[in-house]
Amino acid sequence: MAPVKRGVLLCMALLCACVGTESSSGKSRGGTLVISTGGDPDVLIPPLLSTVQAGQISDMVYERLADIGDSLNTVNDAGFTSRLADRWTWSRDSLSIAFHIDSGAKWHDGRPVRSSDVRFTFQSSTDSTLGSGVKALVSNIDSVTAPDSATAIFWFHARTPRQFYDATYQMPIMPEHIWKVIAPSSWRGSDPAKHPIGSGQYRFVRWIPRAVVELAADTANYRGAPKLSRLIWSIAPDFNTAVTRFLSGETDFFEVLRPENLPEVAKHPELRTKQYRGLAYSFAWFNLRDPANHSRPHPIFGDRELRRALTMATDRAKLVRSVYDSLALPALGPAVRAYPTTDPNLAQIPFDLPRARQILDSLGWRLNAEGVRERNGRLLQFSLLAASTSKQRVQLAVLLQEQLRQAGVKVDVEQLEFPVLVERERKRAFDAAIGQWNTQPSPGSIRGSWGTMGSRASSGTNYSSYENPVFDAYVDSALASFDPAKAKAYFTRAYETIIEDAPAIWLAEPLPTVGYHSRLQLAPLRSDAWWAHIPEWWIPPDKRIPRDNAPGPTMSAPAESAGKKTP
Amino acid sequence: MTATTPPLVSIRDLRTWFHTEGGVARAVDGVSFDIGAGETVGIVGESGCGKSVTALSILRLIQPPGRIEPGSRIEFEGRDIVTLGDEEIRDIRGNRISMIFQEPMSALNPVFTVGDQVAEVARVHADMSRKEAWNRAVEMLALTGIPDAETRARQYPHQLSGGMRQRVLIAMALMMKPALVIADEPTTALDVTIQAQILELLVELQKRIGTSILMITHDLGVIAETTSRVIVMYAGEVVEQADVDELFAKPHHPYTEGLMHSMPHIGHDQERLNVIPGTVPAPTDWPAGCRFRERCPYSWDLCEREHPPLYQVGVAHVSRCHLAIEPERRNHPHPPLVVEEGVAAA
Amino acid sequence: MLRYLARRLGQAAVIVAIVATITFALIHLAPGDPFSAVMDNPNVSERVRATLRAQYGLDRPLPEQFVRYVNQLAHGEMGWSFSHDRPVQAVLATALPNTLLLMAIALVGSFGLGILIALIQVARRGSTTDHTLSAISLFFFSMPDFWLAILALLAFTYWVPLFPVGGAVDPVMHEYMGLGARIVDRLWHLALPALTLTVLAAPTVARFQRAALLDVLPADYIRTARLKGLTEREILRRHALRNALLPIISLVGLSFPALLTGAFFIEKIFAWPGMGLAVVNAIGTRDYPLVVGGVILGSIMVTLGSILADLLYVWADPRLRAN
Amino acid sequence: MSGQTRDFAPISSPRPRESPLALGVRRILRARSSRAALVVLGIIVLAGALAPLIAPYDPAAQPDIVALKDLPPSLAHPFGTDPYSRDVLSRVIYGARLSLLIGVLATLVSLTLGVAYGAIAGYAGGLVDALMMRVLDAFLSIPRLLLLIGVLVAWPRLSIAALVLFLGFTGWFGLSRIVRGQVLALKHAEFITAARALGASRRRILWRHLLPNLVSPIVVAATLGVAHVVVLEAGLSYLGIGVPQPQASWGNIIQDGADQVAALWWMSLFPGLFIVFTVMTLNILGEALRDAYERRS
């Protein structure tokens, strides 16, 4: 449901109580994990996918060259663990990295993974006819070469702290032999987009839209078979049904409980919850450009003082408490507390309704008979978009509507299905919208979502068109710094700048809470992707239920070839 | 009343009242008469005089809000129909007593074949298989003069002519060789030429089966043709009763007299006997005294004061008219009290 | 008979043509282009855009667009559903059997239940039972479809969890079940939506049937039946019901729109994968071709339904059967 | 007594002894069920009309979005509160106002269109009539909800006035058929012929003779029509394409709680009951009126 927007750079550590238990004789393998989810994946192609469901499935089926560590460090290669690449070497000038492909790595159709697949993945991801957001994120990579079938060399434009992260995190490797026969512009509707073939520890089995996606353990995988033999995403038509299925035992795992679900979960002794630090923040952003003519400032939101007054009129703490209870904190700005570069004491525009009214008065917006402010015959009225699929965002919108009404601002809440809403944003055809960024381990994604670059580039996601060179400069300096303390200082300046400019009302930073069945033994939940360690999850044999032992899929797996390598 | 054997049906003080919102309609109000075995008795009177309700009462087919009032008695084959249980009365209906209605068109169910409908009687009352009942029905239809009965039996009512349908109803009525058949205006809805045929058929079948018939009609011609004894009803009461010849020769009640005067030649159908001025009063509001008083050319103050009893006026001849005690008044008729317009429509 | 059928089908074709005109007008009278969301969306492939352009001839003059549109419709093509990334007719064809199943069960169920209630009421006409049943009928008759569905869901999946929360089958395990278990699984998922739709549709039938029976009871042939010595119950069941069923058959045709509307809400609330769910979801995604396709298909269903009812009527009434 | 014929006279004499409206009122007052219905409906209508006076809270106000949200029914909030801490009772009362207003206004639109269309078709007759009836058949075969969904999706963000118009535009088909039938029958009725023979103008005939005879079907259709619109509006609002936030209509109150029916059952239950009672009473009254007019002879 929530969009994954892939952003960039930097590093950080994370916390997570660990439940992982070591035990893995062959006998402990088996079991089925059923994940309750509220929507379909969109498209199972790593550079094009945009929903969390697709991200989860893709991460199980496809693999990266190396995977980020649980600490989420993004500076150089510290903490990264090997995946398709069993080793790598930096060039002397650090402007290239040579990855060596694990010789046992195989696609699920039995073909070996080669360096040409890596080169192909980079080339197609940056192909402008594909239209992938990845292109902007890997702009520091000049090219990828494949001197021999096992070696892929990444060449960079500049030495930055996040070269390694860029090369690995943004690009799960795709099989060249499958995709090269299809023009990138036709990838979306193609067959492999619906039946992906990757090299990960789970292979794709089936996807019945609006019902189920099923993966099975790739028992012949070069990194060994995962413990759970089957993963199933049970797709409910809405959040509510998804929760109910979890509560009733129809599913084992639910990724984002809401506060109102907690008492329900507590009634079921077999269910557990677990909270982890997430990387998402939500906001109500304003379109700073006139929707009718993008070259002009927005007739209302072009005014910085007015935007600040709107923030001032919003009791953010209360709003967040109302919607999320204890499962979120007020957002600090365009950043999450999990980043080491984020100062948790960032100065905020305070909630001060009388002052907000004063400011609006002084700007010439006067209350009319109906209690709505008016200036030169124009009402202080705008429409606020919210995704109808997310009750929480609709709730935020309606709460905001009433809070701003107190200040004499008339807000029309417009509920739209998520893709339609994004479309309106992308075309800048909106006044204001409730949004949420699920960020990457590096705070660098802020360039795409709030920087001038993101406002002007065609693939940029700065739909509010906030542009401030001072902000851009601080962000650039922060991202270029190898020194954590310096980086933090720059980011703090950048955040202070944007908070004062108020292109958005910063709303909530959710503390995601998963629910799971107690028979499930979890591994640590990684902040950027709780699912990252699913291959290590397991179910003790004595706790298995009939569905854990259900026979494997009836369809024959595509080529269960020989050549296995068990670590 | 000359029957030496006990009568087949003996009705005493039959009162069938309808308890409606607008008051109690005393449609039948103290009727008594007998029907002997094998006898054909006629009831004659205008619409609304209570003849049909009398007939339906004998079969206990009165629907709410109508009710046979306590104290009424209808003895049939030694049992009082009024107090019989539902099961017992059902056992009599269509079996020992049956009835032929005046509307052969609507009396048959449009969605079943006529054969089925006739056979149903046998299926209810005789322990017969579907096949046996059907064969019996076809036999019976043939007996009533329906040509090619086997084919006709498989047809639906709308495929038959009016006369044919009446024959079907007759077949249905006679299926179980009942002791009594009540024929309620059996020929009214029919074509003149068919009327005579149907009456002939009835008489013939009666002879063959030996059943009694209660012939209800407004048509004195039919009475003359078929019955041996006549009961004249007016306003829910029996106003005169006599053997058919006696009645035609010496009608006593002014109402009977009126009917006679309005009698058309046989074979000439007439919807209504409209020669007697005025109409039957509303059954919720019978006049005190003689109920015919307002339409009567002889009425005098006694008629208003006193409800006339049934006077014996001849051998087996009774009449509910005070003229029995002051016969000379018959020579001084006067115009009736009511004019057509004064009677409110019900 | 055949000529009659041909004439009715001809009328139906005219009706569908008019419906198509209306929907076309709807699309083109609407402020802003309902397709702009699709045409400008980068997530929509060039193929889809081409299909849409071809289907609606978006750059052509209106009359030409109209001719094109009607022509495509006549060939069973309803455009491209971009939220499903499949042709609309394919989406509806997948969903339709589920909707028809639901409607068929509810049709049979509601007529059975409604007739039964009416028989009980008429057998005890005027009694407390009769009045109580009338009141209950009216209560359910007055209920918004979605509200009853919500209550049913609340009662039988949350409070007393007898039935699954939604869907047509167990999404996870159905694949791994044996034939018997699959049938049970299907029925278990079908039960609550079908029951709800039945309960929604039954009051109309009961009320109609009760009136029809009361209309029939004074008929002479009912008296004839009584005269034969039949019990009241036999009379009601055999003679009255058979005749009172005739008007009820025309209700079959009339009840199609209501059943379809009910199915829409019920499919939404019970996540039943029929055309109702497809269309309701298409509202949110502004998948206009799918919405329009649903409107047209719904109208075709209603039209065919009324023809079906007419044929049924002719078959059931011997007076008409002969002609 | 035997020949119980029931003759329905669809056309009454030109001068009924009492006006159809008076007759309707008298009939309604006579039966206990319709008297009760009138009282219940009266209470709901009154509540809606006097909403600002009797609603305990502002229906849009969010007094305390943390402490007062999602409260189950209590003395202070008899119908509980919603996720925005708004008082559900107040919203239901204001909802009565809006839902009924939409119902009545949309029905007025339907009546106007239905009478006009039916009268024209019936009066014109011949080819015009046949053509108009075919078009009507087509409209009748589109389920109303579907048609509305089609319209509302094409016209997003409709004002309430526009919603009323669309509800009205889709509700006149049935009535116009009845009207046409009446007009057609009346056209050949004796008293109309007589009036024409006496030289009465067409307009005079229409006003003096046709309209009074149309009053009965119109009154019945209006009563049942309002009930229908109330249900439809609730359904559309439930689907999120009806009345927009923060305005309260019965349908969108239910929609606000639809997400958590189990936890916030009071948000589905109370507005739903109000819909049911409104519709039920309107149905009772509509039927009482229909019976009154049909039995008149």
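First chain written, first letter: the chains are A, B, C and D, and each begins at residue 1.
Keep this in mind: a residue touches a chain if its C-beta (ideal position, glycine included) is under 8 Å from a C-beta of that chain, and two chains touch if they have at least 3 such contacts.
Remember, predicted model here, so these are calculated numbers, not experimental data.
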What's the chain with its C-alpha centre farthest out from chain D? B
Which pairing of chains gives the most C-beta pairs in contact? C-D
Grab the C-alpha centre of each chain and report whichever is closest to the global C-alpha centre. C
Chain B to chain D: how many Å between their CA centres? 53
What whole-Å value do you get for the distance between chain C and chain D if each is reduced to the mean of its CA atoms? 23
Whole-Å distance, C-alpha centre of chain A to that of chain C, is 42
CA centroid of chain A to CA centroid of chain D, Å: 49
Hunt down the residues of chain D that sit against at least two other chains at once, touch-wise. 240, 261-262
Which residue numbers or ranges of chain A touch two or more of the other chains? 238, 244, 388
So which bits of chain C are touching at least two other chains? 158, 284, 286
In the complex, go through chain A and note every residue touching chain D. 238-240, 244, 260, 264, 318-319, 321-322, 383, 388, 391, 395, 398-399, 401-403, 405, 412-415
Sort out for me which residues of chain D touch chain A in the complex. 60-62, 65-66, 69-70, 83-85, 157, 240, 244-246, 259-263
Okay, in this complex, where on chain C does chain B touch? 219-221, 223-231, 239, 242-243, 246, 316-319, 322
Going by the contact rule set out above, which residues of chain A touch chain C in the complex? 32, 34, 42, 50, 131, 185-186, 188-189, 206, 208-212, 214, 232, 234-238, 241, 244-245, 248, 250-251, 388-389, 416-417, 419-420, 423, 426-427, 547, 550-551, 553-554
Within the complex, which stretch of chain C touches chain D? 11, 14-16, 18-19, 22-23, 26-27, 29-31, 34, 138-139, 141-147, 150-151, 153-154, 158-159, 218, 257-258, 260-261, 264-265, 268, 279-280, 282-284, 286, 288, 291-292, 294-295, 298-299, 302-303, 306
